[in-house]
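These are the structures, in structure tokens.
Look for subunit A in each of the two complexes below; its partner is subunit B in the first and subunit C in the second.
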Partner chain A sequence: MPEPLLVVRDVEKHFGGVHAIQGCSFEVGAKTITGLVGPNGCGKTTMFNLITGTFRPDSGAVIYAGRDVTGLRPHVMAQLGVARTYQLTRVFKSMSVLQNLLTVPFDQSSGERKQWAVEVLAAVGLAEEADATAGDLSFGDQKLLEFARVFMLHPKLVLLDEIFAGISPALQERQMRVIRDFRARLGVTFLVVDHTMRVIMNLCQEVLVMNHGQILAQGAPAEISRNDRVIEAYLGNRSAMKGVDHHRD
Partner chain B sequence: MNSPGWSAALLQVIVNGLLVGGVYALSAAGLNLVFGVLKVANIAHGDFMMLGAMTAYAVSLKLGLSPYIAMLVAAAVLAGVGALTQRFLVERVIGSPMFVSLLLLYAVSMVLRNGALQVWGPTYVSLAHDSTVWTVGPLSLSEVRVVVFALGLGLTLALLWLLQKTAFGQSLRATAQHMDLAEACGINVRRVRMQAFALGTALAAMSGALLIMLFSVNPSMGEVFVLKGFAIVVIGGLGSFFGAFTGAMIIGVAETLTSFYATTQLADVTVFLIFLIVLIFRPSGVLGGRAT
Partner chain C sequence: MKASSPFRFWPGAVAVAILVAVPFVASGYITALTLSLLMYVALAYGWNLISGYTGYVSFGQVAFFGVGGYTCAILAKAGMNWLVGSLIGGVIAGLLAVVLGLVMLRLKGAYFAIGMLGLAQLFAAVAGALKRVTNGSTGIFLPPSLSLVPVYLALLSLALTAVVGTAILHRSTFGLRLMAIREDEEAAESLGIHTTVYKIIAFSISAVVIALAGGVMTWYISFIDPQSAFPAALNLTMVIMAVFGGPGTVWGPLVGASTLGIIAELLWANYPGLYLVIYGVILLLIVLYIPQGVVPSLSKLLRRRGAAETVRKGRRGAVA
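Coming up: the complex of A and B.
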């Protein structure tokens, strides 16, 4: 496994009486595409919130690029190069698509920033919507816009929360191409939460399986799909591993 | 009824109303800004206006500065007061139910108002001074009213430019539209909130300082002016800067008309009657609540 870009060590998080994350530890190798899967409510999104500083862990540490970043505020994490999308898509609805991207502050001249924004829009396939109002876009296009936005931070680590859910296979293919391309060209590391097993199995070199706020298993997609504990805890039966999509309810 | 004197007087009163509206527009812009970015109804806004007026008055009298320089001093002082109020008080209740921030700012309002009463007493102050009167057709326009209107309008437009055309404005608008998303984009939303509140109180201070060039006010003025401010913002459509500007003009004219044709005491009654009528028939404001 390559040098880790992200290390999560013994992280605990309670919400009132709910023990959401129970001593969770894992590593994400630099320049990898790593999947994070697990049944609904197992703590995947909570884990994203802990990594990006939305929540502060009760105990444990988050190490990013060799630095302890536990409890840093979200905008600081963003400035350090940790970008994310949200399970429920978030865009600035009354701004244009281009304005949405240019809202992300970055230490770059406005000309360079705009050029980068146009490039990113072209990559995700939204070039023609640049002047459209974000709130008027279709659901799928809003997802693409949110996906495009993460690259405006020139991120080192991108956390994707179900960007493949509820969109057409053709769009899924395009997003996978963009992810592979940004990783290959710019060395971006991806941590991908999704229930679409076909995507996870095709895209990721490494898969983390969470259950009850802990890491249950970690390994290459092929190993994971043979892991009996995983199958029992998460999938229920083997047929799910053969390309059948697992959607949320 | 149809004598030329009658219509000339009416025109004069309407123009005077519009000129006062420029000051109201400036104050309402500050209220709108704070509501938009912080989602907080600043019911201490009128008291910040009062503090701006009192500061300008004191500075102008003690240091012999021109009222316009005094206005800038008041803006700077009140921006500081606003920044501290936000950082140490309002920031703590961000995300709480609106009731909590209302109560907090009500307390701030009480402290400011009664503090000012202790310091200055219940006396009326004014920086009104004799000024040249220009005659334009049937109208006589006093120089100070025109200058005060131009400043109110100019500063409101400057704010609009700041919001629409600068990187700072972009971060304000992003925070107003989606606070969490703005934060995830790398915007320091706590700092943006503090800047917005400081800017809002500075706008209040400037409108207060302009107001005492036309009228006299006392430390209790905030009580009426905050309600008037909210009436203007709601008449125009909450969150719409053009709407607030329109609302300010409507209120300015309604007030002067009532004062002239009825009595000054009835002016506030007219303002709030218009407010109620708009609430009943155009609840999203006369401009339909278009957001900027």
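Coming up: the complex of A and C.
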């Protein structure tokens, strides 16, 4: 495994009586595409919130690029190069597509910013919608816009929370192409949460499986899909997994 | 491109020239009416910055109107020039807003709106209680100003600065970030925007604009007491004007303040008994039929017209 860009070590998080994350530890290798899967409510989104500083862990550490970043505020994490999308899309609805992108980054002139925004829009296939109002876009295009926006930060680590959910296979293909392209050209590292197994298996070099706030298994997609504990955690038995997998696709 | 031609600024320049000429050529009544419209314009733009652009709807920005007013009154009473007193009032209000913003801007939505309402009332109560400084509910009397012109020109400069400043803000990255906070504060923060800092800056500039208007108006009226310094109705007026014109737009507050200001004046002059009833009905109709405000609705209409025109031309072209 390559040098880790992100290390999560023994992280715990309670919400009242709910033990959401129970001593979670894992690493994400630099310039990899790593999947994070698990049943609903297993703590994937909470883990994203802990990494990006939305929540502060009760104990444990988050180490990013060799630096302890535990409990840093979200805007600081973003400026350090950690970008994310949200499960429920959060675009700036009354602003234009281009304006959504031009809010950041901080260390560029407006000319450079605009040039980069145009490139990013072309990459995700939203170039023609640049002047459209974000709120008027279709659900799929809003997802694409939020996906595009993370690249404005010139991020090193991108956390994607179910960006493939509820959109057409053609758009999914396009997103996968962009992810692979940004990784290959710019060395961006991706941590991808999704239930669309076809995408995860296709896209990721490494897959982490969470259950009940812990890492249940870690390995290459092929190993994970054969792992009995994973299958059990997810569905109870192997035949059901095929059914659900098909349904999700 | 048309936008870059020098003719673009002509309508604005003509309007400014007319406004500058008003106190010298028009009647005292027209001058006084325009003067109050200019005050409304400044207030609506001040409110628009924190509430229209940043999305923190405040029902208590009038607190800063009073801070500016009292600062000007106290300093003028002590012998200072009223304009300098007003400027100092603006600075004090701006600094005060930074401190208050740290607390108040943690509140969101209705809680912020109501919190600010309470804050304005608290300010009025404090002004009433600090008798040695503010003369309590008796108020402070100032020498009546002999000419309208200096006050008028001060308010004109303030209103113009507010309009031009908003036009610049609207195209700036700073403005985009304020709008991003309004649209989705958590998403804005996840993009690296230090939302607290941006909100406080917007809140503080808003306070400065409103306090400057308060200072100048106090000199104009030559009197201040807690009720005239913190009138809840005035806060409602700036909200209504900005919302009527279109909050979070460059021209909305100008359109709202001048239209509603003139309508209110005409109604008051012609139907003093029914004035508030008719005014209320007009507001109801606006909220029902163009809830986004006049400016966004008009520009949408024009865009649709434009699109239809383009299609028609395109068809004609295809036939030819």
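Definition applied: the second predicted complex is superposed on the first by the 235 of 249 C-alpha atoms of A that agree within 3 Å, B and C clash if a C-alpha of one lies under 4 Å from a C-alpha of the other, contacts with A are read in each partner's own complex, and residues count from 1 in each chain.
Basically, a residue touches a chain if its C-beta (ideal position, glycine included) is under 8 Å from a C-beta of that chain, and two chains touch if they have at least 3 such contacts.
Everything numeric in this text was worked out from a predicted model, so none of it was measured.
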Label the relationship between subunit B and subunit C on subunit A in the superposed model as either fit or clash. clash
Taking the superposition on A as described, I'd like to know which of subunit B and subunit C A:Thr52 touches: first, second, both or neither. both
Is A:Gln79 in contact with subunit B, with subunit C, with both, or with neither (first, second, both, neither)? both
Subunit B versus subunit C as contact partner of A:Gln142, first or second or both or neither: neither
With the two complexes superposed on chain A, say which partner A:Leu102 touches: subunit B (first), subunit C (second), both, or neither. both
Please write out, lowest number first, the residues of subunit A touched by both subunit B and subunit C across the two complexes. 52, 54, 73-75, 78-79, 83-84, 86, 90-95, 99, 102-106, 149, 152-153
Under the touch definition given earlier, write down the residues of subunit B that touch subunit A in their complex. 167, 170-171, 173-174, 177-178, 180-189, 291
State the interface residues of subunit C toward subunit A in the complex, per the touch definition above. 173, 176-177, 179-180, 183-184, 186-195, 248
Once bound in the complex, which stretches of subunit A touch subunit C? 52, 54, 73-76, 78-79, 83-84, 86, 90-95, 99-100, 102-106, 110, 113, 149, 152-153
In the complex, subunit A residues that touch subunit B: 52, 54, 73-75, 78-79, 83-84, 86, 90-95, 99, 102-106, 149, 152-153
